[in-house]
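Right, one structure below, let's go through it.
So that you can tell them apart, the chains are marked A, B, C and D in the order they are listed, and the count of residues begins at 1 in each.
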Amino acid sequence: MAIKTYDAYCDRLRKMKPNLYMGGEKVNRDDERLQGQKRIMKETYDRANDPVFEDVCTAESHLTGDRINRFTNIHHSQTDLLNKQMMTRLLGHRVGGCIMRCMGIDAMNALSVVTYEMDEALGTDYYPRFEKVLRHWQDNDLVGSCAQTDCKGDRLKRPHEQEDPDLYLRIVESRPDGIVVRGAKIDITNAPIADEIVVMPTRFMTENDSDYAVAFAVPADWEGVKMLVRTANHHKRKYLKAPIAELGDTEGFIIFEDVFVPRERVFMDGKGDPRQTAYAGFLALLFAHYHRHSYTGCKPAVSEVLGSAAALVAEYNGIERQAHVREKLSHLIGTAELVFAAGQVSAYRAERSPSGTYIPDEILTNVGRRLAGEEIYNEYKVLADLAGGLPATLPFEEDFFSGETGELANKYMMRNPKVSAENQHRCFRMIENMLVSDMAGVMQVAGLHGGGSPQMETIALMGRYDLEALKSIAKYLSGIEKDLPRFERPTVTPRAMLERFRQMYGKK
Amino acid sequence: MAIKTYDAYCDRLRKMKPNLYMGGEKVNRDDERLQGQKRIMKETYDRANDPVFEDVCTAESHLTGDRINRFTNIHHSQTDLLNKQMMTRLLGHRVGGCIMRCMGIDAMNALSVVTYEMDEALGTDYYPRFEKVLRHWQDNDLVGSCAQTDCKGDRLKRPHEQEDPDLYLRIVESRPDGIVVRGAKIDITNAPIADEIVVMPTRFMTENDSDYAVAFAVPADWEGVKMLVRTANHHKRKYLKAPIAELGDTEGFIIFEDVFVPRERVFMDGKGDPRQTAYAGFLALLFAHYHRHSYTGCKPAVSEVLGSAAALVAEYNGIERQAHVREKLSHLIGTAELVFAAGQVSAYRAERSPSGTYIPDEILTNVGRRLAGEEIYNEYKVLADLAGGLPATLPFEEDFFSGETGELANKYMMRNPKVSAENQHRCFRMIENMLVSDMAGVMQVAGLHGGGSPQMETIALMGRYDLEALKSIAKYLSGIEKDLPRFERPTVTPRAMLERFRQMYGKK
Amino acid sequence: MAIKTYDAYCDRLRKMKPNLYMGGEKVNRDDERLQGQKRIMKETYDRANDPVFEDVCTAESHLTGDRINRFTNIHHSQTDLLNKQMMTRLLGHRVGGCIMRCMGIDAMNALSVVTYEMDEALGTDYYPRFEKVLRHWQDNDLVGSCAQTDCKGDRLKRPHEQEDPDLYLRIVESRPDGIVVRGAKIDITNAPIADEIVVMPTRFMTENDSDYAVAFAVPADWEGVKMLVRTANHHKRKYLKAPIAELGDTEGFIIFEDVFVPRERVFMDGKGDPRQTAYAGFLALLFAHYHRHSYTGCKPAVSEVLGSAAALVAEYNGIERQAHVREKLSHLIGTAELVFAAGQVSAYRAERSPSGTYIPDEILTNVGRRLAGEEIYNEYKVLADLAGGLPATLPFEEDFFSGETGELANKYMMRNPKVSAENQHRCFRMIENMLVSDMAGVMQVAGLHGGGSPQMETIALMGRYDLEALKSIAKYLSGIEKDLPRFERPTVTPRAMLERFRQMYGKK
Amino acid sequence: MAIKTYDAYCDRLRKMKPNLYMGGEKVNRDDERLQGQKRIMKETYDRANDPVFEDVCTAESHLTGDRINRFTNIHHSQTDLLNKQMMTRLLGHRVGGCIMRCMGIDAMNALSVVTYEMDEALGTDYYPRFEKVLRHWQDNDLVGSCAQTDCKGDRLKRPHEQEDPDLYLRIVESRPDGIVVRGAKIDITNAPIADEIVVMPTRFMTENDSDYAVAFAVPADWEGVKMLVRTANHHKRKYLKAPIAELGDTEGFIIFEDVFVPRERVFMDGKGDPRQTAYAGFLALLFAHYHRHSYTGCKPAVSEVLGSAAALVAEYNGIERQAHVREKLSHLIGTAELVFAAGQVSAYRAERSPSGTYIPDEILTNVGRRLAGEEIYNEYKVLADLAGGLPATLPFEEDFFSGETGELANKYMMRNPKVSAENQHRCFRMIENMLVSDMAGVMQVAGLHGGGSPQMETIALMGRYDLEALKSIAKYLSGIEKDLPRFERPTVTPRAMLERFRQMYGKK
C-alpha cells in the first residue's frame, strides 16, 4: 500500500547519511532533540491510517489510482483543496498548531503547474521528470521539505549584484547530465527530518539573474548537502505526560557545497536561458500561494488551540462568564472562522490549470493568510491575559511531586474546587509550554512570517487586484462615467497569468 | 408579469393615504425629501428588468413558478442565498451602499420558517396565511419594510415591567377576527416609502411578556398607523448631476394607535399563550440572522464604494503608488473580501428547514457582519485620510460656475494635469457627499448598528458556539483527556434549535 | 483695555468690505450662515472677560505689559504654553470641540522665532515689522487666521515644476515698497470671519522655488483677496435651544488675484534670495509645530465632549454599568489624558529661542497629536455605539411639538423613567448634531487632518528623532559596542536646528 | 556609607539559610540559575556607585540625611518621583527591560502612607516600626521583594468563603509578641534573590475577611518560609559574550507554613479588627499604584529596547528607509513617549500625603501603564516583523565556530556588506534571545500583567474618575443644564480618599 506508517518513516530516517550539525557536532536523525518534530509527523501517518480521518487525510492518486497520503497529493478538484484545508485544521488541533508537512506538497503542486507550462511554452521536458519524482513520493509516502528562502545578503540588491554571488543559491555549472549548485537556503522548517528537499527560487529573476533561476529535488542527505540544525523543544515531563510537551520544532539552515543534481531531478535550469528565467518568479509566487492556502487551514487551528486553552483556563480561573472574557474568546473564534472561510471560498473559486492542477483564488487566500498573521501576537496576548501571570512563574514540575514541597504545591494550586489540583496543574503547565518557551517564540514568529508576512500578502493581493476596475464605481457615482458595468471583482486570475506567460515566452 | 417597474411602484405610493409627518406637517409620499430613497428603490426595479442582472436580481417563485423580483423571494437553496448576497453587493455598488430593500424580505424568510414551525408544533394555521401575503408581495413586487425595534424604555426592565406598558408594542386586545395593537417601532429604515410593513418582536419574551409576542403585516398607510419621518439627502446639484447626489434616506418612527389587524395578516398572537410566546425570541433572532446575512452582501459593497473613492482620489492626488496608500486600500479590499467570504460560506453551509426555507450558518454570518461593523468608522477614516481636508472645505457648487469666481475656482481645483478640473471637482464633490453630510452620518451609524451592532453579533455567535467542545482540544493537549475526537466546529445549528422548540412546545 | 468684547469684534466684521462668495453670490459678514462660527469666537471674548477663566484666557503682553487676550500672546515661558494648552481644553468643552482661533496666534509665534532668526542670520529687518503687526493684534484683540495650505496641483512635482505656476501661491513681483502675490490657499478654517490673515509657506522650498518662499499678513478684506466660503451649521432649533445647535464652521478657499502687500507687512520675500528661501520650510514646520501643540489642548476636549455625551446617553439608555460600556468610556478618557499629558510634557521641556519665544518639544507634540488623529474616528464610533441607532433616525424637532404627533412622540421617547422626555430628547438631539450632520463630518475630517494628519506627524517625529542614538542600546546589549552611554532621548532640538540654520545661511 | 556594592549584596545572599526549591531539590542562593537575575541587580548597585548616574540612582534619606540608593528611598517630592521614573528607564536600557527591584520600595512607599494614616486614625503604632525597618533597608542597601498576589482559589468567592481557608494568606494567630501566618504568595518576581520580603494584602477585605488583612516584612530566609523557584535564562554563550545573554529571571512561589512574625515587623493585623481590615484594600491599591508608576518608567525602556533592536536589524536587513518600517518604529517610539509622559505628568501632579510621602496622580498613572500593557505583544510583533524569520531558525552558536561549519555559517550570515558577519550574528543572536526563549515569554507575560493587567487599570481609573462631572459638558451643550462650571478633570485624589478613611474609621 502507498500509505506508510510512522515506523517505516523512522526507519528511512535511520538509514540516512548523517549530514546534520547541531551545537558544533555532527548528529544523526535519531538525535533526541529531533523527536519533537517527528512526533508531529507521526500524526500525519497515524491519521492517514485511521478510518475516522480517512476522507480528509488520504486521496486517490491521479497517477496510479492508489489511495495515497494527502500530503503527497496534487489537487485535481476544488474538493481536493477543501479537503487539504480541512486536514490541516484537524491535524493542527492534535499537534497544537502547525502540522509541519505542507511545504513539500505545496512545492510539488506549484511545480506541477509550472513545469507543465514551461514544457508547453518552451518545449522543455520537465513535467514527465516531475511526475516521476512525484510518483516516488506517493508510493513511499515521503515527507518533503521546501527550501525557498535564500540568505539574500543586501536586500537592496538583486542576486547578481551581491558582493558574494553565493548569497542566493545559484547554478555554478550546467552540464548535459545535470547541474552543480552552490549557496544556502535558510529558515527551512522540517528539513532535518524530511526525506526529500525541493529547492525553489525565492523571487522574480531578471535576465541577469539567470544563474539563480533553479528548481530541483534531492534526498535530504544528498552528497554535498549540509544542514545546520536548530531545534526547539519543551522541558521534558517526568510525571504529567501530555501531548503538548512532546511537540517540537526543527529548522534547517541548508548549505549546498557545489552539489551535483542529476538532470532527471532538475525542474528549472535558467542558466543562460532568459525564457526559463522568466518562470522563476512565477514558480516562487505559486509555491507561496499554495503555502498560504495551507495556512488558511492551519492558522484557524492555531487560533482554536489558543482559544481552547484560553477558554479552559478561564473556566478554571472562574471568570468564564465575564463579558470581557467572552468578548476576547469570541475574537479568537472569529479570526479562526474568517481565515478558514477565506480559504474555503478560495477553494470554491479555484481554477483548473492546463496541467490539471487546481489553483485557489489568490486574493482571498492572501486576505485570509494576512489576517492570521496580523492577529497572531494578539491571540497570544489573549491567552496570556486570561491565564494571568502564573504560566510565567509556575514552579518546575518536580516540585509538585517531591516529598518536601509536593503536597504544599498542590494545595496552593487549587482554584475551582471541582477541578483536581492535577488538572489545574496540567492546564497551567500546558499554557506555560504555549506562552513561555523556545517553542512559543518559534510559533509566534512562524505565525507572523510563515508563508510570508502580512506585508508580503498585501503586496501579492494588490498585485492581483485591478484598482482601475474598482475605481469604476466611484467614476459612476460621481458622474465621471455614465454607467457602471456589472462589477466583477477585479482580479488577475492564475489562468490569465499563465496565458500571458505563454504569449510572452512561448515557442515560435 | 410579476416583476414590476419603478413607475408602477411610484403609482402605488401616490395612491396611499397620507400618514407621514415631517417637521410638524403631514406630507404625502411625493414629498421631495423622500425622492432620495425612492431613487435607491429604482435600482431594485430597473435591474430586475435588466437582462444583465437577471440571474441575481430575479428568482423563480416556489409558489407560482413565476419569475419574480428576488426581493420577494424565499430562499429555497444555497444558490438562492448566494444570489441574494451577490445581488446585494452588486446593487450596493450602484447606490453607494445600502440598497434599503432587504428588511422586508428578510422578515418574510424568518416568518416562513417560524410560522411553519408553530403550525407543526402548536397546531396553529399561520403558514397558509403567511403564504397568501407572500404571494401578494410576489405578484405585485411590493417593497416591504420590517419594524422590529421597540422603544424599549428602561433597558434594564423587561417589557411587562416598564412603567408605561406601551414602550414595547403590544396586543391590547385579541379577538376572533384579529388583534388590536398599540405601541411604536423606531429606527425603521425605508418604512415611509414601503408598500407594506412587517411587524416583528424585538427580543425573547417571558411568559409575563406574552402581550408583546406579536407579528403581523399591514399596508404602510393602514388605519391607525402614523409615521414620524426623518430624511437625509444631499445638497441638490445644479450643474454636476451625479448618482451619488440623488441618493437619500428615510427613516420611520412608526406609531400604532390601537391598530386593528385582521386575523389573516397576523403571524403570531402570544397574548395569553405561553407556547406562542416562546417563539417570539426565535422569530426575532431569525429575522436578525437573515438580515445579518444580507449585510454580508451590502457591507462589502460599502467597503468597495469607499475604497473606490479612496483609490480614485489617491490617483487624482498623485499618491496612488505610495506604500501607505496601497496598504490602506488593501485593508478596505480585505475587509470586503472577508465579510463576503463569511457570508458565502454561510450560504454553502446553509441548512434546509422543514418549511423548505434555507437558513445560513449563524456563526459565520455573525462573524462576518461583526467585522463589517467593527471596521466601518475606520473605513471612513481611510477615505478621509487619502482625500485630505478638501471634502470638508470645498466651496459650494455654484461658486465653480458663477461669473465672478467660476474660472478661478476651476483653475485652483487642478491637481493631476491629465484630469479635467470638472472631473476633479466631481471626485471631491462626491467625497464631500460621502464624508461630510447628514447622509454620511446616517451611513456610519447604519454601518455600525444596522442588523445589530458588533456587541449583538458577539452575543449571538457565543450563544451558538459550544465552548465546551472547543475546550476538548486543550484537555487533550494537556493530558486531562486521553483523546481528541475529530473536532467538529462546535455550533448549535438552526435545525437543532427548531427540534428543541418542537420538543419543548409541541402538541401533546 | 486691550481685551475687547464680542460686540466690538462683530462691529469690526460689519465694517469690512464684502469679499466673500457663497453659493454663487457675494455675501457680507452678517450672513446667517457665518453665525455658527462667530458663536464659537464669542467664547474666546467672553471668557477673556470672565474672572473665572482670566488666568488661562488672558496673558501679559511682553510688548506692552498690558493684559491681553491669550489668543494674541507670544509664549514667553513654559507656563504660557501650559496655559495656552489648558485654555484650549477648557474652551473646547464649551464649544463642543475646536475653538477655531488658534491658527492665527500659532502662526504669529512661529513668525516671532523665524523673523528674529532671519534678521540675525541674514541682516533683514522682519522682526520689528512683525512686532508692529503683533502689537496691532494685541491692542485690538484681533481674530487671526493662518493660510498655509496651497492647492499643490500635482503632488509629485515641486512648486516651480507645476504646469500652472500659480498652484502654489507665489510672488509675481518684488518691489521696494512691497510684493505682489498670486495664487490660492485652501482649507482655511475661520478665514471668512477673521480680522486678519497670515500667509505662510506650505513646505520646504528649493532654490528653484524661491518665488514661493513668502510670508505676510493682511486684513481679511484686503484689495484683491476673494474668499469662496463653505459653511456647516446644524438645523435651526425652534424649541429646544441649546449651545450645541448654535455652533458652526466656516472654511475659506482664499484667492489672491495679484495682491499687493506693502513691505511693512511682509515677513519673508524669498524671490531670488536662496538664503531667505531656505527658511521657508523652517517657518512652515514651526507653524505646524505650534498648531499641533494647540491640538494637544483641543483634542482632549474633543474626546471629553464625545465621552461626555457617550456617558450621558449610556445613563439614559440604562447601560452605564455594563463592563463594555465602561471599557469604551475609559478609552475616550484615556486618549484625552494621554494626548494632554504629551502636550504638557512638551511644554515642560520647551526651550527658549533667541527671540525669547518658547518652543515646545517636537517629538512629544507630534506623538500626542498623532494619537488624537488616529483615534478620532474610533471615538465617534464609541459615541454611536453607546447611543444606538436613534441619532440617525430621530424625527425632526417640530414633530415633538406639533398637535397631532407631539404627545405621542414624547411618550415613546421615554427611557429612564427618572429623566424627562424633554431631556432625553435633548440628549439625542445633541448626539444627532454630533454624529449625523455636515458639522459632524467636518469635525471628523478636521480631527484627522487639522494641523497635519497622523502620516505627517510620523514624518515630523521621525525627522527629529535620532535612530542612531536609539540603536546604541541594541549595540550594547548584543555586545557590538562595549558600553552604553547614559541614554538621552535622541532628538534634534529646535535650538539645535536654529543653530544649524545660522551656520548655513548666516551673514559672512 | 549607606550605598553598598554588588559584592556586598552577594555576600549577604551567600549567608542566607537555604530555603529555595527548584526541580525537586533544595538549592542555595549561589545556584547558577539565579545568576541571571542577580546580574540585573548588579546594575542597581553599580550605577548607584557611578557618578554619571548618581543624580537619578541615589537620593538623600529623609531619615538620616545620608546618600542612599534610590531603591530604598521614600518619595518626598515630585522630583523624587521624576527621578525614580527616570532611573527606571535608564537602568531598563541597560538590562533589556525590567530592572526587577522596584516592588520592594514601591511597597515601602505604600506602607509609609498607610501606616501613618492608621496610626493617626486608629491610634496604632505602625509607622515608627515601619521607619525602623526602612532605616535598616536604607543603611544596608537591601533588595526588597513584595509578595502581594495570593493563590485566590475560586475567584468568585471572597477569602473567607474559600473551601480551603489558606488560599489567601491569613493570620492564624495574633499574639502580643507577634502573629502567626499561613498561606502562599505566588508570581513573586525577584523573591529568591531578595534580602527581605514585604507581604501585602491582595485586595479589599470585608469584615468577614479580617484574618486576611495583614502586612509585614521578613528576611527572605525566615523560619517557616519556603520558596518554590522558577527561573528563566538564556542559552549560555561560549563565544559571543553579550549583556543580553547574561540576564535572567527568578520567580518565587512563596509558602508560609505557620510563620511567626514578631510584632515590630507587623504593619497590619486586622484579625478581629474591622477598622484595620478596612485599610487592607487601600494598602493593596496604593502598592499597585506606586508599582504602576514604576511601570511608566520601565515600560518606555522596554519599548525602546525592542525599538532599538528593531531599528538595528532593519539597518542590517537594508530596509531601514522603507515607509512601513519607519511607521512601525515610530509607533514603538510613540508608545514609549506617551507612557513616560503619562508618568511624568503624574509626578508633576503628585500630592503630599500627611506622612510626607508623595502620591502620583492615579488616573494618568493607570492610563500610562494600561497603554504599555495593551501594546506589549504588538511591540514584540514589530520586532519579529522587521527581523524576519531568522531569530527563530538561527543555528546554534557553536556551529558558527566549529571547524566543519563555521566558515560556511559566517559566509551565509552576511547581509549588509559593511557590517561584519560577527556583528550580524550578534544582532540576530540578541533578537533570538528577545523573541524565542523562556525569557521572552516571561517578558511578554510580565509586560501584560506586571503591576496589573490593562483590565485592572481600567477598573482603577474608572474608580477614580467621576463620570458625573464629565457628563456636565454634555448637559450644558444639550441645554439640559444652563451653564458649565470651569471643568476640573474629575478625579478622586488620594488626599480625598485618605480624608474619607479618617472620617470613616478615625478614633472617637
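We adopt the following convention: a residue touches a chain if its C-beta (ideal position, glycine included) is under 8 Å from a C-beta of that chain, and two chains touch if they have at least 3 such contacts.
Note that the coordinates shown come from a computational prediction; the quantities given were computed from them, not determined experimentally.
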Label of the chain whose CA centroid is most distant from the centroid of subunit B: D
Same-residue or different-residue interface between subunit A and subunit D, half as cut-off: same
Separation of subunit A from subunit D, taking each centre as the mean of its C-alpha atoms, in whole Å: 40
Centre-of-Cα separation between subunit D and subunit B, whole angstrom: 51
Shared-contact residues (touching 2 or more other chains) in subunit B: 324, 327
Residue ranges of subunit D in contact with subunit A within the complex: 21-26, 149, 151-156, 163-164, 166-167, 183-184, 186-189, 226, 228-230, 232, 251-253, 255, 257, 317-319, 324, 376-378, 380-381, 384-385, 388-399, 401-402, 404-405, 408-409, 411-417, 435-438, 440-442, 444-446, 448-450, 453-455
Residues of subunit A that touch subunit B when the two form their complex: 52-53, 90, 93-94, 96, 240-244, 304-305, 307-309, 311-312, 315, 320, 326-327, 329-330, 333-334, 337-338, 340-342, 344-345, 348, 363-364, 367-368, 370-371, 423, 426-427, 429-430, 458, 461-462, 465, 467, 470-480, 484, 486-487, 489
Contact set on subunit C toward subunit A in their complex: 322-324, 327
